[in-house]
Amino acid sequence: MERPLKMDKMPKWADVVLIPVISLILAAILSALVIVAIGEDPVEAVNLMVTGALGSTYGWGYTLYYATNFMFTGLAVAVAFHARMFNIGGEGQAMLGGLGVAMVCLYVPWPHWSLALLAACAGAMIFGAAWAAVPAYLQAKRGSHIVITTIMFNFIAAAVLNYMLVNVMRPQGSMDPASARFPEAVHLPTLHELLAPIGISFSKAAPANVTLLVAILACFVVWALIWRTRLGYEIRAYGHSETGALYAGISPVKITMIAMLISGALAGLMATNNVMGEAERLVLNSTEGAGFIGIAVALMGRSHPFGVFLAAILFGFLYQGGAELALWTSIPRELIVVIQALVILFTGALDNMVRMPLEKMFLAMRKGKA
Amino acid sequence: MTVPAIELKGISKSFGPVQANKDISISVAPGTIHGIIGENGAGKSTLMSILYGFYKADKGEIWINGAKTEIPDSQAAIAAGIGMVFQHFKLVENFTVLENIILGAEDGGLLKPSLAKARKTLKELATEYELNVDPDAVIEEIGVGMQQRVEILKALYRQADILILDEPTGVLTPAEADQLFRILHRLKDEGKTIILITHKLREIMEATDTVSVMRRGQMTATVKTSETNPQHLAELMVGRKVLLQVDKVPAKVGAPVLEIENLHVTDEKGVERVKGINLEVRAGEILGIAGVAGNGQSELLEVLGGMRPGTGSIRLNGSPLALSGAGSDARARRDQHIAHVPEDRQREGLIMDFHAWENVAFGYHHDPAYQSGIFMNNAALRADTERKIEKFDVRPADGWLAAKNFSGGNQQKIVVAREIERNPDLLLVGQPTRGVDIGAIEFIHQQIVALRDQGKAVLLVSVELEEIFSLSDRIAVMFDGHIMGERLPHETDEKELGLLMAGVDGKAA
Amino acid sequence: EPALIFDLGGKFDKSFNEAAHNGASRWAEETGGKYREIELQSEAQREQALRRFAEAGSNPVITMGFAMADPLSAVAADYPDTKFVAVDVTWLDAPNVRQIGFAEHEGSYLVGMMAAMASKSGTVGFIGGMDIPLIRHFGCGYAQGAKAVNPDVNIVANMTGTTPSAWNDPVKGSELTKAQIAQGADVIYAAAGGTGVGVLQTAADEGILSIGVDSNQNHLHPGKVLTSMLKRVDVAVYDAMKAGADVETGVFTMGLAEEGVGVAMDDNNASLVSDDMKGAVETARQDIIDGKTTVVSYYENDSCPAVSF
Amino acid sequence: MDFLTIIQVLDSTVRLATPLLLACLAGLYSERAGIFDIGLEGKMLMAAFFSAAVAAVSGSVWLGLLAGIASSLVLSGLHGLASITFRGNQLISGVAINFLAAGMTVLIAQDWFKQGGRTPSLFAGGRFEPINFPFAEALSGVPILGPIYSELLSGHSILVYLAFLAVPGTWWVLYRTRFGLRLRAVGENPAAVDTAGVSVVGLRYAAVAICGVLCGIAGAYLATALQAGFVKDMTAGRGFIALAALIFAKWRPWQAMWACLLFGLLQAIALRFQNIDLGGVVIPVQVMDALPYILTVVILAGFVGKAIPPRAGGEPYVKER
């Protein structure tokens, strides 16, 4: 019997690399058009963004700081994607993670930052996972659509945080709805402090800190989890086929719960970076939309931890570059929101617009060869 | 010569890399019943869907009543007088019969007059063709036979002169099928042209005037029904001599392995699908379960395989198995040495995007042999896969290929290899050869018989009576959730089983 | 060159931030100088903005709003050579920060008097932004002024919310205005940043009088805004920019005497302000400056003698 | 609470429910046709901006309304392109549209008006004025009925009445017309519609377009009737509350109205009262703010009857794999 036709419509590299890159280029072209339309010079803008975000250790410090956030939320979305769930609740989970971190840092006297970081990670993961637990449970047991419930939980999280900061955690006499500053002992070493001993001078002011390493570690752990463990096998199998999972004795309820809890925990972990590493206190809206950017990051990164890592750095660059634009030009920071929207649009929703012609092309090429 | 009602010229159609139709030409005379047969995936449905404007052909022409007709969509097909009853019905489940009938054929922008008119027309059609349906019944609450009537009425309401039926009897009992053929003959007598897709040779021989055979996307022959015979048609279908007899020695039946008592199963919608059955499968025998699709066999298999809960009691080698809650899932079943070749290999038995070697662990991924510490031992898994691929002659012998890139028969071989190689006490098999070509059928049948010869119990569910006959040591017939009776293969025939399958107790009759 | 960090709500809030913007623009026009600015979008940006400007060598770095106090306390020490100016902050212990507070209760007292005099129904309203001591401080002065004119005056007071979004919620401002009108208020004082835009709008739509805050808001609805309680943030910003890197640090309070607060009188509200009113306000102003009248500050013991919130 | 306060609260309920209702009906058309739309928020926001911007520049609120509808339609078209033509993920498309609107409005506003991402305040002519019913003034003194007539029913802008008229209108279209039958069918089983000779793509685009028009009106109402101009992010989650109301209503028009009124009432109460004292138990304002969302979760959990969405909802119609 002859070897059957290769049924894949196109090679894997095209799917994993070519399509995202083309989508990204399209998004970039449209972004440039937007910049032109508001009467600015896109070349100039890109210049400013690049020097602002990558031109100094200071810029890198911010880029990596944001990237750390996005790695966590991107991984969160990616893990849920593997189980074919769309977790839009990263924002709320990260907010609650912040609450967990703040409690750990404020209410326990820590002797050293490393212990505090471990405990804060635990707190962040528990709170983030807890916030994902209800939507997960409702999806698993009641079939309530996770997208809607997680959106709702984002709003509810904002209200909870609001209540906690206004009525519970605000120090006596303080006017802002924010927690007290964390004690000096839980101060996390920044890249400046980490790199100084090995002779690299890194900007002192930039907030990138040791949690970057935690995020990179998380990328590895998620990779191993998804592709090297039984649980990952089950998550992927469930994500590909629910009836298949049932057949193989993989409990949909269990996988839905576990995948979402892991996802929530990862989103919650982000708080170790922004709350503990940067602000060193809990403020309203400390997540700054990173939960949503996680969606774009996971889509761009094709839900692979390495892809997520790269996409997070790209978005970190966009974020820091955008902040620079807002500082030095009259281009509002919202330009970044637009770019982010375009990336989600092209890599996510309009994926087929790029894919279909490419598939035709590869098909024609193959037929031409045969 | 009369002008053909339908003439297709050089129709080709690809779905991505799959060429479903290759340069097909066919001509159907008016006022005849024209059959189309072919294996699963031969391209029959695709061809008819092109005629009905559901798909667009890549190449080719359609001529209706002697005029070249463009059929870009179903609207055009309807306008050309074509009606089609699809293999999978196209009804809006929560609409009433009446609403489904007028959908797309309304008169004017408001519904009221359309509904009134349709109600009247429906009454006339009902008396004319014995097609009684309750116009106000909601589709999801009526049976499949009734739903099929709605589909036929839909076509007649649109005044179709050419009626295409795609495997209409798959869901019908023999009696219902007989009634359908009566209706078809009446329609034919009125001058309507009918195209009937089926892979049941008996139906072709009984009902059609001419028949076309498709294989691998190509039209291999068109012959007058009166000038051919089933054996010849079967050969045309699969492209070589057919041999459907399995060599097997008489069963050496041992102690009961599986005992089922008063088993009830209710589906997600709350409908009871298995209504208190009792069965026994012994060591060293193959129990075949025959029945028209949808009479509870699938649910039976799923309960035994741990895919859905049930009530009652089942015992394996004397010890009870859980039917719901903890210990009733598929993993527990496997731990109890029950293997399961599912009915739908693509949706259940395999993860189509996984590599073959990943699929070889599917369901057995907890096996200690596949673990190393907290990680999975992928190297061991791949080695195991290589062995199985070789033993079962899976082609191509490439463990890195994704499951979706194997042909149907080879996909099935992977599943069968995985399950049989576990050397289970009980093997559950559903539709083992659906969509599998004859060579693979032989191989798979041999494997099943070999397992039985090792003294293992096999429960086989199949809608193909031939398969049931050739494999089973004992046959049970299911109808409407009940076991209608048990027969030994050499003491019964297709006719008796057909009656049982229709719910008529052969002995009483 | 100096830098200016606007608080949430943005530089065109017609109120607090806009006042700062006006001061900065005036400085830029008069001196031809340039300054950097940023409108914050979230709490988390506060520290970044401070550091970024300090890093880039801006001096002084001027911040708006009490919420900058905490980030400033963390950042200021890292940049000892940079001068920071914090408007609405008075409690930090940082040598390189110029902290400016305003005697808002005094200005509010004056507009409270005008409200009571203009009211026909005997009920006046107060709509605050975020419910914090600072805003109660405004409301308390206002109530005292109204009571001083008419001891029987009925004062309805509402706060918009508990978070910074309360500064920027015109819909809520508008709804609260309607509620207060239903309770009989015919003059309403909005001390709510951007939210006040909704208050003034609805008051004008419904035909009652409103009182603006921080900037002169009389022009927003000419003939319908009774007056505005001016908080001369513009002056504070202007002065700080003018002084440049040499700006004097320490804690400063700007009251009526320093012309740090006051009432807005212009063509837009001329027809609404009677000579009586003008006279009364002028007398009261002088009395307060001279210490003959004391307006109790809410901060003194976290409560108000004239109204409860 | 005295009677007048109740009337006042109900009055503001009507005002606040209006944008929810328009958006909810918009979602109803789209989702009934099988296109999920979590981009209601973005479309409303875009329309709010363009209506305010054009009204500010032209001085005509009607031109503003048209501009708002047109801008919302553009986003609808994008959603249609992504989810109908290119069979993309409808949820992701919705998310993208929300971001796009959030960013573009501020970007364009800043470019055009240089007022920190807002439009200039609108004055008479640029806003929808309240319509006073005949004798409203005269009858306001009549006890009970007077205030109901003059305060509650009279004195809203024309868009409010339009929104409430759209409820029976939608019901009629959905259940009494050919278009409605087909629309409902395409959300349940597009293959049935297709094989019945009706264009699935056409129907779905039509539904998405109606959704765009209604979202456009909702946005215009926010910026030119409820408020006098656009401010950044002014929809403040209303699109999501509308979505919640749609689920609450189980995708039916009359129920949608009641759900929106309920959520409007919750908002009205939360707006007026900071913390609500229920005989000793103080409900913090945050609870009131979160209540619509909590309620939605409760409904989704099936405690108030199961909400079954249109069966083909969210899935692109793919004939050829």
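List of remarks:
Chains here go by letter, A, B, C and D, matching the order in which they are written, and residues are numbered from 1 within each.
Here, contacts are C-beta pairs under 8 Å (C-beta built on N, C-alpha and C of every residue); 3 or more make two chains touch, one makes a residue touch a chain.
Keep in mind it's a predicted model, so treat the numbers as computed, not measured.
Common neighbours of chain A and chain B under the contact definition above: D.
Compared with chain B, the chain whose C-alpha mean position is the greatest distance off is C.
Counting C-beta pairs in contact across A-C and across A-D gives the higher total for A-D. The geometric centre of chain A is 39 Å away from that of chain C, both derived from CA atoms. Distance from the chain A centre to the chain D centre is 30 Å, each centre being the mean of its Cα atoms.
Computed centre separation for the pair chain B/chain C is 77 angstrom, with centres defined by C-alpha atoms.
Computed centre separation for the pair chain C/chain D is 35 angstrom, with centres defined by C-alpha atoms. Shared interface positions of chain A, i.e. residues touching 2 or more other chains, are given as 162, 166.
Residues of chain B in contact with two or more other chains: 16.
Looking at chain D, one finds that residues 117, 286 touch two or more other chains.
Chain-to-chain contact here is organised irregularly, matching neither a line nor a ring nor a star, and falling short of all pairs touching. Shown are all chain pairs that touch, namely A-B, A-C, A-D, B-D, C-D.
Every residue of chain A that touches chain D in the complex is listed here, in rising order: 34, 37-39, 86, 88, 134-135, 138, 142, 144-145, 147-149, 151-153, 155-156, 158-160, 162-163, 166-167, 292, 295, 299, 330-332, 334-342, 344-345, 348-353, 356. By the touch criterion stated above, chain B contacts chain D in their complex at residues 15-16, 52, 54-55, 73-79, 84, 86, 90-95, 99-100, 102-106, 108-112, 114, 154. Within the complex formed with chain C, the chain A residues making contact are 58, 62, 162, 165-166, 174-178, 181, 204-205, 207, 274, 278-281, 283-286, 288, 323, 326-328, 333.
Within the complex formed with chain B, the chain A residues making contact are 1, 3-9, 224, 228-230, 233-234, 236-237, 240-241, 243-244, 246-251, 359, 363, 366.
Contact residues on chain D toward chain C in their complex (touch as defined above): 4-5, 8, 11-12, 16, 115-118, 121, 226-228, 231-232, 234, 236, 268, 271-272, 274, 285-286.
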